[in-house]
Amino acid sequence: MSAVIELKDVHKSFGQVEVLKGVSLAVERGEAIAVIGRSGSGKSTALRCVNRLETIQSGEINVCGHPVHDPKLDVRKLRLDVGIVFQSYNLFPHLTVEENIMLAPVTVKKLRKAEARALAAQALARVGLAEKAQSYPEQLSGGQQQRVAIARSLAMQPQVMLFDEVTSALDPELTGEVLRVMEDLAKGGMTMLVVTHEMGFARKVADRIVYMHQGRVWEVGDGSMLANPQTPELRAFMAHDL
Amino acid sequence: MKYKFDFGALAEYWPQFVDGALLTLEMTVLSTVSGLVVGTLVAIGRRSENKLLSRLCGAYVETVRNTPFLIQLFFIYFGLASAGLRLPVVVASVIAMVFNVAAYTAEIVRAGMDATPRGQLEAADSLGMSLPQIYWHIILRPALERVYPALTGQYILMMLSTSVTSQISAEELTGIANNIQSNTFRSFETFIVVAGIYLLLTLILKAGFWGLGLALFTRRRRLGTSL
Amino acid sequence: MLAQPFTLAHVGYMLNGVLWTLALSALAFVFGGIAGFGVMLLRISRFRAVRIASLVVVQIVQGIPLLVILFAVYFGLGIFGFQVAPIIAAGVAMMIYSAAFLAEIWRGCVEAVPRTQFEAAECLALTRWEALRKVILPQAFRLAIPPTVGFMVQVVKSTSLASVVGFVELTRAAQIINNSTFQSFLVFGIAGAFYFAICWPLSAWSRTLERKLHVGRH
């Protein structure tokens, strides 16, 4: 097995509320997985567990050889291998675009400034924002900010990228530019776990689609699954969505 | 270190400590109530359309906030004395405290009143309410609820500042402490004890203000939200 | 006792006091700032016990009058065999007082930076300390400037209390002159004017900074 992300019977509760009720999932190297489902289905929580932003109560999570469920895990080593992009971009407002991207390579990987700058330029070119290196985040549109956030993550050269509803905060006309960047990444062979509401993206780009419902993986399939739901829940979800 | 702590020497003075603490509390309550009334009036004056009144109130607030309380106290106590009016020290102290805390109150209350949404004023106006009615029902009461934490914090600071009046020989807690330490030569112990008493007073006031807040602001108590 | 006339020499004496007021303020602010920064770090520690312990210490300092702290330091250092110069006692007391208040002001600013910034930094594999230094503190710093300048006013005013241990700063100078001239309104009026001249520009500056910060954010 060459699964780079593997969840086995993962349970997670917030207080009394059980949000994940035994989630299992394996992602192969180079796969792009779209995770869909209603809000409250646990899809974002599952994603955050993969990166140890949340700790789980039971089950196993292995990511790039890191035992994420292990309390003694070196979280920083995990995060060197796993990049994440958030719904709210979370760029650092006091730093320029270039500085945002250079920060982690310089402080964490101890790269020289010049190397980090070259890396930043490369990452920015990949998201089509080479000319914005000296701008501050607030000078950019939401779509541009989100692309910078992707570049910031890419510059750490992670093995896996997580996307947490990255287009949900964007105006509809700005989602396209972000989705295109993600599509390019997927085509380039990046292992991606994408929590999304964008059915078009799921259908077109994802190698597999995971439908989550009430804290469980309800249905898994390829793009055609959305046209032919096997469960009434997914059928209802699709009907609502369209 | 050869120093031996001796708190025992202070034991016989406990009635004086209690008297001092009570005077501190009395002065605090008196200045809190008066300071709230005067301060609120100043805040209203500051918001007035009458330029002169507004400027006067502003100048008063700025003067008080940018000079030390000790200087204000000396100015009032020694100043009035030099003009032939010798006030009892506690009276002069309370006057100075009200003079001082009213300015801080005015600034806090004004911020609370300024936070009234425009739409509410327009709504009240269109319902035919008079300016005093609008002030009382629409502006002031929500404002006080809004700034209650800042206000009570200020009054606790004022309680602590009461100690400064010992410098004109008011026999509140710190004044008492000065007497006791010069009788016993147990200066350090005396001020440790007094520090403990102040801490206790602070806790009592905090608890009191918290309870008062619950009693006064029923809406907040029931909903737990802020205005 | 015969009252002396109030002369320009008295104003000169007060001006000398102004210098000591400024010196003591600077001393209190710098050392209080250093200590306050340390206490702030304890207040946001990831260890609950450290957070609670530092909170208790801050609450204790804030629940005691500065004057009482000053007396306790003055007599306390005395009994341990130190010959305390008034400026040292006043400086130490003011440092303790400033440290507690600055720590709370700055903690508020650190906590005003959205938590997601911390999250994002840690997801880039920055350590907690790196995240604090490179991401959180620079943002908190901007927020902290106006209230910190505002607190300087508080420090300057508080130095007047140093007069009680015989340190001849502005208030003590005024008291001494008042004792010989009995022109209380004039003497304390002038002293007040000097304080106002120091404090009001700081207050105004703090307000301007505050306004700029709000404009900058929206």
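Note that the chains are named A, B and C in the order they appear, and that numbering of residues resets to 1 at the start of each chain.
Here is the rule we go by: a contact is a pair of C-beta atoms (placed from the backbone, for glycine too) under 8 Å apart; a residue touches a chain by one contact, two chains touch by 3 or more.
Keep in mind that what you see is a predicted model, and the values were worked out from it rather than measured.
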item: Arrangement of touching chains [line / ring / star / complete / other]; value: line
item: Chain nearest the global centroid, as defined over all protein CA atoms shown; value: C
item: Separation of mean Cα positions, chain C and chain A [Å, integer]; value: 47
item: Intercentroid distance (Cα basis), chain B paired with chain A, Å; value: 54
item: Euclidean distance of C-alpha centroids - chain B vs chain C, Å; value: 20
item: Of all residues in chain A, those that touch chain C in their complex; value: 51, 53, 75-77, 79-80, 82-84, 86, 88, 90-94, 103-104, 107-108, 152-153, 156
item: Interface residues, chain C side, partner chain A - complex; value: 116-117, 119-127, 130, 134-135, 138-139, 142
item: Touch list for chain B against partner chain C, complex; value: 1, 3, 62-63, 65-72, 74-75, 78-79, 81-83, 160-164, 166-167, 174, 177, 181, 187-188, 191-192, 194-195, 198-199, 202-203
item: Chain C - residues contacting chain B, complex; value: 60, 62-69, 71-72, 75-76, 78-81, 153, 157-161, 163-164, 171, 174-175, 178, 182-185, 188-189, 191-192, 195-196, 199-200, 203
